[in-house]
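My structure is below; once you've seen it, I'll send some questions.
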């Protein structure tokens, strides 16, 4: 217990010093680019529950958070729905691999953010572009890790399955898929993390709701306390959604020394 | 050779079909949101060497590419210069770890893109914000992998070094650093990849030169062929810079079965 | 039916926010504010919205690139200004030489400033143009990131009332006059759904006339819907002339404008004006209103 | 088929006639095994010994159906062997367990994959998990087991699948001395109880003498069978016994003379 | 210091007196080793045998300086042992090579780390790389070597560092039978040439009899030394020899009686 208490104390020291510094260098000044921490806290409360400022933004946080979460998970699930089967095909079928892999590798170095302008031209300005960008951002990590997982199944396991009487058509379900699962999960986790990076950019233009949208809007209105509140909420949601995937992974991959 | 020819043929099939489809669905139409591929090609040439349109953008590609490369490597090197020693301290010194690790983990889920608005408020509109974002984007992958590498050095190697007469003060240079190098390299590679993702966003506002800047400007001017040209160039530069780090890694990590 | 209307976060783009009161039976409207004129235009050509109000420049840029954007009405004139720091040395356009000037590429203002610079014997290369969006121009000036900007209202209003900026000039002395924003639709909408275009033209006229007559209401709307500063709007609104009709003068100025753009190499060819201008709805409405 | 073949096949569970296997390595052909002849009776425990590279694994892998011979014929109960099948179970040196399945599910994998009814699969699983002494570890995953325990699972998996012939390629080569001795004893017990046919590859002479009814000696370059002798010491055999050591010297000589 | 101590220390390179080691495991104390007494003369080859968990590794690790005794005294040439040092070299079962250094640099690591002149380091390196027969692999990295070759590097590394006492904790436990036999032979050759002092842990009786001058038998629960016998068979020893097998039976009995 005393050891734990000490660890907690040390862990809290840095944030507290930081908060104190932030407070002292912003509160009560005549000019300050950044609002003091207490004001951010009040704003966060107002965003979440209202009752402080009662302006355009009061109590709108659930709506914006829901919109972002919806897009992140929508784009992510679509990416998974496409990247998983495609990755398995590329990994297992030589013809598909020869056909598609070079093209996909060629497109991969183009950062997802560079697609933003083109996405807005093709998909229009608004949630559809954001959705597409999230999709694209999550797509490659999932695809690459799925291909890797499927391709690096230990050859010994195919022999073991064959000598135990598994028919060639059942090998995919009985061997390839379970063996590739840890790698696939790594891909899903990376993809979801990337989805949160991208959603902020995707919501920057032409979208009315969403955390990225209020951050950008607040910036233009010089409501910096809303900008910081939005960052905190996105950080929190990103953290929770990663914890969710990790918990799921731990359950499904109990057998894997790296995950279980 | 015939096998190689076939592979090449298959590899080219998808891009060619795509180009043909792109051409047929855009060239000669009275309305089109996307310019035909040939026009993009001509534009790319003009951007690089001039002589086609001779407008504001002709032959400006080297300048823009240089500006982006400068920011990417600048931010990346700064991130490495900070994240490497910090990661080693956190990995090796329990006190530093208890003090800083919780805070850094707390800030980590905030996507780098969400820092954009705050960066512009703190650093002003312009290259300094872009630089900061690239720094931040590269910082975490390098830090996390450095900590991981330093912490997961096989305990046996410390025993081996001790029994061979390495003094405790030399252990860091003789054992920790070389053992952590593969993980550190993974971090550097991820960080550099991320730097390219972030530079596009960072150059979107208030920056005059840079590939992200011309992409955004071209979009505002509805010069979609420049937008696509910019994407291609960023993809290429990202690819080259990754190849560079990988080659470096292969040289330095010849001894590692994963890299050599 | 639900009509989606794109507007800009500017005071001279306030008309669409009044559409709601004038919508015919069975029709509702959703107004979506955009950050830049090109985004408004892109929203129209990608059918993210049914109609849009944005600067003439974005329309010409799109049309010259064979995008299916069609002007069916006017939206406003004026609404722009060259602003510099009050404590700075910039008093006339020629003082901009070598200075950092916030300009948004693809905006109507960009062509005005380029033409004004040409008239003063300078080019865009004589200044340092910095890409800053309209809503950030004031903040950038206040921070000192830029020395001046070519803005759209209420930016200049904010700069003036906050004591940070001063007006260098209103750039209306060119052959393009006070030309600014248009009312536009997708080409297919004008062909396939002329009734909708006619109906919205009527809504647009009535909203425009209402807002012109009720300045207080316009200001109140900008405060409520766009979160703008009331004191600044009182100044800004003097520099705004809402309208709706494609007058022959407006079309003439637009052609001049397009010519300037080509001379400035912003476009490589003139738009096909037979497609780009569709005066039918504006003319019909003018006849009906008369 | 000729009458004679069926008769001879009926006596022998495995018939290997004139089998040669060539690989190509960097374009160069390598003869891994040349003209191998071998017959195995049902219930025999045959050990294959020989130095590294003499083709022991290659022969076993051809019987398992993982490789096809370049020349010659392999048959089981007179029917030619072509693809892997559950009648020939293989125990690999590196275990080859499915890491995502518990011990019990690994053991029941074969019957379940071949669509046996659930209750039967469970009964079989339990029987063989108990037989190899892993009852307490039925729900553990492979990564939680020691090497010896993993090898027990691999053996149970093959037995549960009703393999008639068990092919073991240096199954205890990676285990420490003590675990190895325990597993050798257990394997003999199981074999005596079930009367399986076992083909066991090793390059430890002591192990071969300890286990085998018959020892087949191979030599490399190219791989050939150079001796095939019966071991008639009574079981359990004692490695400190003079007769045992006489055999040890004999097989050392047999191996040495072909080096 | 007392006069008597210096005298006894001068005779023995290692002196272990009443050494007890307790660990705590989940809060419960575990006695890994209790009251161990052992002296080793310079140049002796001592094998420690005993079942798993009897404290063999613990004793070796205390001599190496990786652990400190809970009670008792360990000294080398009369001076108490406290931290690891180059005079006591350890050969680990899992090799413990530095993966980022070539074979030659691994071998030369100790002298280089202790600041020896470059030319001397190179000469020493060459000598010991040659001694263990890895001249052709001097520039290879550990991941390119087989287990037996890695263990050769580990031995050369300790020799090159001028260790007086070589501590080996089941060094050949993970190797296959043939590689193991080769390394046993080579180790004896090197030892005979250099007259090092070797403490060798194994739990294979055969290995102990093959190598040792003296065999120390330990038993677990808690770990104790239960026998300490001299082996006077002439070298090279033959495992098929009746006298060898008599010793084998004797040590089996010694081990068995304390199970």
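Remarks
In this document, chain identifiers A, B, C, D and E correspond to the written order of the chains, with residue numbering beginning at 1 in each.
Everything that follows uses one rule, which is that contacts are C-beta pairs under 8 Å (C-beta built on N, C-alpha and C of every residue); 3 or more make two chains touch, one makes a residue touch a chain.
Worth saying up front: this structure is predicted, and the values here are computed from it rather than measured.
Minimum number of contact steps separating subunit A from subunit E: 2.
The minimum number of touch steps separating subunit A from subunit D is 1. Any chain bridging subunit C and subunit D, meaning touching each of them, is among A; the list is complete. In a homomeric contact, the two copies may use the same or different surfaces; for subunit A and subunit B, over half of the interface residue numbers are shared, pointing to the same surface. The chain with its Cα centre farthest from the Cα centre of subunit E is C.
By the count of C-beta pairs in contact, the leading chain pair is A-B. Distance between chain centres (mean CA atoms), subunit A to subunit B: 18 Å.
Here the CA centre of subunit A is 37 Å from the CA centre of subunit C.
Inter-chain centre distance (subunit B to subunit E, centres taken as mean C-alpha positions): 50 Å. Looking at subunit E, one finds that none of its residues touch two or more other chains.
For subunit C, residues touching at least two other chains, in rising order: 42, 46, 133, 136, 143.
Under the contact definition stated at the top, the residues of subunit B that touch 2 or more other chains are 33, 120, 216, 219, 224. You'll find the chains touch as A-B, A-C, A-D, B-C, B-E, D-E. Those residues of subunit C whose C-beta lies close enough to touch subunit A in the complex are 9, 32, 34-35, 39, 42-43, 46-48, 133, 135-136, 139, 143, 227. Those residues of subunit A whose C-beta lies close enough to touch subunit C in the complex are 33, 56, 120-126, 128, 205-206, 208, 217, 219-222. On subunit A, the positions that touch subunit D within their shared complex are 154, 156-157, 159-166, 170, 174-175, 178-179, 181, 253-257, 260.
Residues 6-7, 10-15, 18, 33-34, 95, 98-103, 106-107, 109-118, 120-122, 196-201, 212, 215-216, 218-219, 224, 227-228, 230-232, 234-236, 238-239, 242 of subunit A touch subunit B in their complex. Interface of subunit E with subunit B (complex): residues 64-66, 83-86, 88-90, 92, 94, 96-102, 109-110, 113-114, 141-143, 157, 161.
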